[in-house]
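Across the two complexes that follow, chain A remains constant while its partner is chain B and subsequently chain C.
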Partner chain A sequence: MNKITIGLPKALLYYKYGDLWMTFFEELDCDVIISPNTNRKILEDGIKLSMDESCMAMKVYMGHIYYLIDKCDYILVPRLKCIKKHEKLCTNFSALYDLVNNVFDKNLIHYNIDVEKKEDEFYAFTTMGLSLGFPYRKIVSAYKIAKEREKMLKQRRIDKQKTILATSSKIKILLAGHPYNIYDEYIGKPVEKVLENNNIEIIYSDLYDDKYLEKEVVKISSQNYWTYNKEIMAAIIHYQDIVDGIILITSFPCGPDSLSNEMILRKVKIPITNLVIDETNSDTGILTRIESFIDILEERRKTK
Partner chain B sequence: MNAYLGIDVGSISTKGVIIDNENHILASSYIWTQGNPMEAVKTLIHNLEKQIDKKKVHIIGVGTTGSARKLIGTMLNANIIKNEITAHAIGTLSLYPDVKTIFEIGGQDSKIILIEDGIVVDYAMNTLCAAGTGAFLSSQASRLGVKVEDFGRIALTSKKPTKIAARCTVFAESDLVHKAQMGYQKEDIIAGLCKSVVSNYLNNVGKGKKIKAPIIFQGGVSKNIGVKKAFEEEVGCEVIVDPNGHLMGALGVAILAKNSPIKTNFQFSITDNNFETKGIECNKCSNHCEIICVSRNKKLIDAWGNRCSNGDIMNR
Partner chain C sequence: MKEERIISFPHLGDYYIPIKFLLNKITKLKVMESPPITKKTIDLGSKYSPDFVCIPFKYNLGNFIETLEKGANILIQAGGGCRYGYYSEVQEQILKDLGYHFEFYTLVDKDKITPKSLYHTFKKIDKKIPLWKMIYYLPLTILMIRYMDNIDDFIRKNIGFEVEKNSFSNLKKEMLDSYTKCKGFLSLTKRYFHYKKAFKNLKVEKPENCLKVGIIGELYTSMEPFSSYFLEKELASMNIEIKRFTNVSYLLYQKRLQRRKNLRYIEKYCKYTIGADGMDNIYRAKYLIDEGYDGIIHIKPFGCTPEIGAIPIIQKVCQDGKMPIIYFSFDSQTSETGIKTRLEAFYDMLTIKKG
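So, the complex of A and B:
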């Protein structure tokens, strides 16, 4: 049997489950191709292929699919409806598969999660593996290995951040937001670059041990049902006493963020600023905002 | 005597001051940028040069702020380049040490700066829209056949300001035309426009901010007495407009240049040099960054705009 090539678009949920997906396919001896970091061509292609009202992260995603379209046999486009009981994800995550399917003529892999219908992650992986023709036992063992590797890699990154928090004397800023915004070359990276040029230690909201999530998130809101936004809120509460300030990154026009950002901005006790990024942004406006935010943090440190 | 030069290059106007060690303004100038910051700065420096005795005053520090701060900072070899929020706060604090809130409405942007115990604690800038800024007011003035400078004076004569929908420039404009066609008086429409600028500002930039007195109002629009009055009615306390309000950014960055440990030896003859900018498209990767190259007398002195090291023209 010829090796199957799987395409993973480096956007949206790749930044959450990329390690998991990649290890799984490698364990099944597939070739995996990951699209490169977002560049201007990817962004422009994505804008052309999207509705005007889509959020910037979705537009970027479409650009990544377009990049992969003639480079692989299948593309993994997840359909995530609910990953935690009584909670919700942005509707875009459940619409993603059908959206992509309508725009592109390409083999997509089924990967559905809706825990309220008893379709959990394990179910998603087994149906995905079976649809590609792999034997059940091999799929299960690949999933286990992938799950362990994912956990190990995340723990390693969290530990690294812990060391930085304990040892660095630089001004620390928590970059808070969805990982697909924070780490995207055209959404969060310009912010990260300005911070690095100003000698700021960057702390990331997704590098957070969610053991205490439920306990910490209620300090902002007990009635928030957006799973991914709860993670951001909990991380903000967790880190707010040990960082100097928080930059909240949102891609325009994000629905869940518009609700949860309001709650965050009202409850947080340290300097916080919200940057809303869209594809028509120039870096200049961002630069002015970040620089003045850093000035505020520096002055606060001096007076302490 | 040692002195310091501060220049604030905004989208519409370019401001400059020279100060001494006690922050006294020795010379100041305020001119239009007219889309050409480099030429504007040359004119500005000539204006400043005429106001001082060059034999006695030696400029040992140069600071730039405003949207063209980097370009002009490179051109003048400035020892400090600072964002306009910090510059405005420092400038204002030097004259009003107790200030708690700064309203600023400029040509293209508007901001609010909140200060506690002499340090900036919060700020906001307009994000997606420029409704209610100077550029909007001048376009509406010309639509009504009124000089923008007379706007405030005319607004004060109104007894019953007309309500104008000001959430968005486009709506405001069509509402304004509608109200004029309905037969509302010009002065009432103008006063309504001033009110709408204020409510737009307080609902966008000022949203959720705790506004405390003393309040200083600056930026080009602060010269409009109608807007000042509308602000006072809305916030319920005095809003101070300093006659030098337009110079606060330049003053602030001059003070920062004074406090900076780095010193320069500034010569007015710098304007005799031939400065040029050129935008080139980098084709080294699919980002196609537009890189701005600044040259002095045909010699490249700085470049920026590249996202990655492929476009790092300076270090090649």
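So, the complex of A and C:
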């Protein structure tokens, strides 16, 4: 039997579940193609293919799909409605599958999570594996291995961050935002580069042990129901006593962020700045804002 | 002396009438609707709102500030849906930071609204509300909303062709006044049929093949005429028959009942629901094409995420059905002239197409 090639666009949820998906398909002996880091061409293709009002991260995503379109048999476009009971995700994630399906003419894999309708992650993986024609037992074992590996990789990164937090004496800034914004080459990376050049230790909000999530999130908001935004809020509360400042990264015009950022800005008491990034952004603008922010933090440290 | 408690709520089209009716009947508190929406409301609202939040947030916040200035001290927000559900906490925080003192209640709890949860919320507002009043007046209010929506549907079909100017809107005003005075199911139903007949007797000159346009899109801009710069009035002045789907009775119960049927109707385009009204609007676009309408107008606030997800699919549905469609995106900075110009161009195109 010929090997199936699966395309994974390196945008949006890849930054959350990438390891899980990769390991799963490798265990099933599929070839996996991951699109490269976002570059100018991908971004421009994405802008052409999407509505001008959709958020920057979505535009980038469409560009990645366009890159993969003739390079693989299937593309994994997840549809996530709800991954925790009584919580929701941004509606972009529930629209993603149908949106891509209507814009492109391509085989997509069904991957649907809606916990309130009893379709959890395990269900999504089994239906996905079965639709590709793999035997059930193989899928289950591949899922288990993938899940363990994902857990291990995440724990390793969290531990690494913990040692940095404990040992480093440099100024520490928490980069808070959705992982698909922070790690994207055109959204969060320019900010990261500036911080690195200025000899700042960067702490990431997604590297956070969510054991105490519910307890910590209520310090900012008790009614928020977006799972990913709750994670950001909890991470900010968790790290706010250890870091010197917080930079909130948002892609324009993110729906959930527009409201939950407002709550964060009003409740957090340490220096915090909100960078809203869209495709017409200039690096100089970011540079000026971050440098003045760093100046504030340095002065603040001296007076302490 | 204890301060008098005054209860207030933001505007949504004409629906302040049934809400006020319900609150008046079941509580003994003083009920005051927010001052009517003006340019000042939206200016106030945008001044204190986050940058790129959607426009209903700004209108609601403006309403709240104006009504707090007038002395209200209990505020009610609906909640539910996409971003709407999180409005209340942020608005409460913003208003508290501005220095106002008030109580704040949200009707929809965790995306679900049931008579029971509603009763519990009202119980928190006023401990003395008896259960029988809720059991009697809640269905009465829902029936009133339903009757209002039915009449509105009729008005939208005919208002563009009225012979005597303002005859429809005057009669509607009279009807709404009379609704507030009704005492029970019987008197409400009597009034409804009386005015239904009266509306049918109003003179209209409707040509056989008039232009028919459907309005789809996000719920707040559909239902609050000020936020869409009186789009429906504009259309009526062009002698167009209007069909609009979104109204409160749709949101309250029809939506839930129709979900599965609608999804099957558009299974060629959609496998899943999109969130908020996204899937419904795709269904409506397909429905309008199949019913032989001449054009579709899609309206939404700037940055409305569910609609942005749905628009590319709606676009494809309209391309397949060769249906003209125009998109309006409203913000606090939208210019009215710009909307008029685009609307006129759309109208010209439709008339030429119709021949």
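Rule of thumb we're sticking to: the second predicted complex is superposed on the first by the 304 of 304 C-alpha atoms of A that agree within 3 Å, B and C clash if a C-alpha of one lies under 4 Å from a C-alpha of the other, contacts with A are read in each partner's own complex, and residues count from 1 in each chain.
In the analysis below, a contact is a pair of C-beta atoms (placed from the backbone, for glycine too) under 8 Å apart; a residue touches a chain by one contact, two chains touch by 3 or more.
Everything numeric in this text was worked out from a predicted model, so none of it was measured.
Asker: Between chain B (first) and chain C (second), which, if any, makes contact with A:Arg289: first, second, both or neither?
Answerer: A:Arg289 contacts chain B only, not chain C.
Asker: Does chain C touch more residues of chain A than chain B does, or is it the other way round?
Answerer: Touched residues of chain A are more numerous for C.
Asker: Kindly classify A:Phe104 by the partners it touches after superposition: chain B alone (first), chain C alone (second), both, or neither?
Answerer: After superposing on A, A:Phe104 lies clear of both chain B and chain C.
Asker: Name the contact category of A:Val276: first (chain B only), second (chain C only), both, or neither.
Answerer: both
Asker: Which of the two partners, first being chain B and second being chain C, lies in contact with A:Leu259: first, second, both, or neither?
Answerer: second
Asker: State which residues of chain A lie in both footprints, the one left by chain B and the one left by chain C.
Answerer: 252, 266, 276.
Asker: Where on chain A does chain C make contact in their complex?
Answerer: Spelled out, the residues of chain A in touch with chain C are 50-51, 53-55, 79, 81, 86, 88, 90-92, 94-99, 101-103, 110, 112, 221-226, 252-256, 258-263, 266, 276.
Asker: Inside the complex, what are the residues of chain A that reach chain B?
Answerer: Chain A reaches chain B through residues 39-42, 185, 252, 265-266, 271, 276, 278, 284-285, 287-289, 291-293, 295-296, 299-300, 303.
Asker: Can you list the residues on chain C that touch chain A in the complex?
Answerer: Answer in residue numbers: 50-54, 57, 82-83, 85-90, 93-94, 97, 106, 110-111, 269-276, 278, 302-306, 308-313, 316, 329.
Asker: Where on chain B is chain A touching in the complex?
Answerer: These residues of chain B touch chain A: 67, 82-86, 117, 119-123, 125, 127-128, 208, 285-289, 307.
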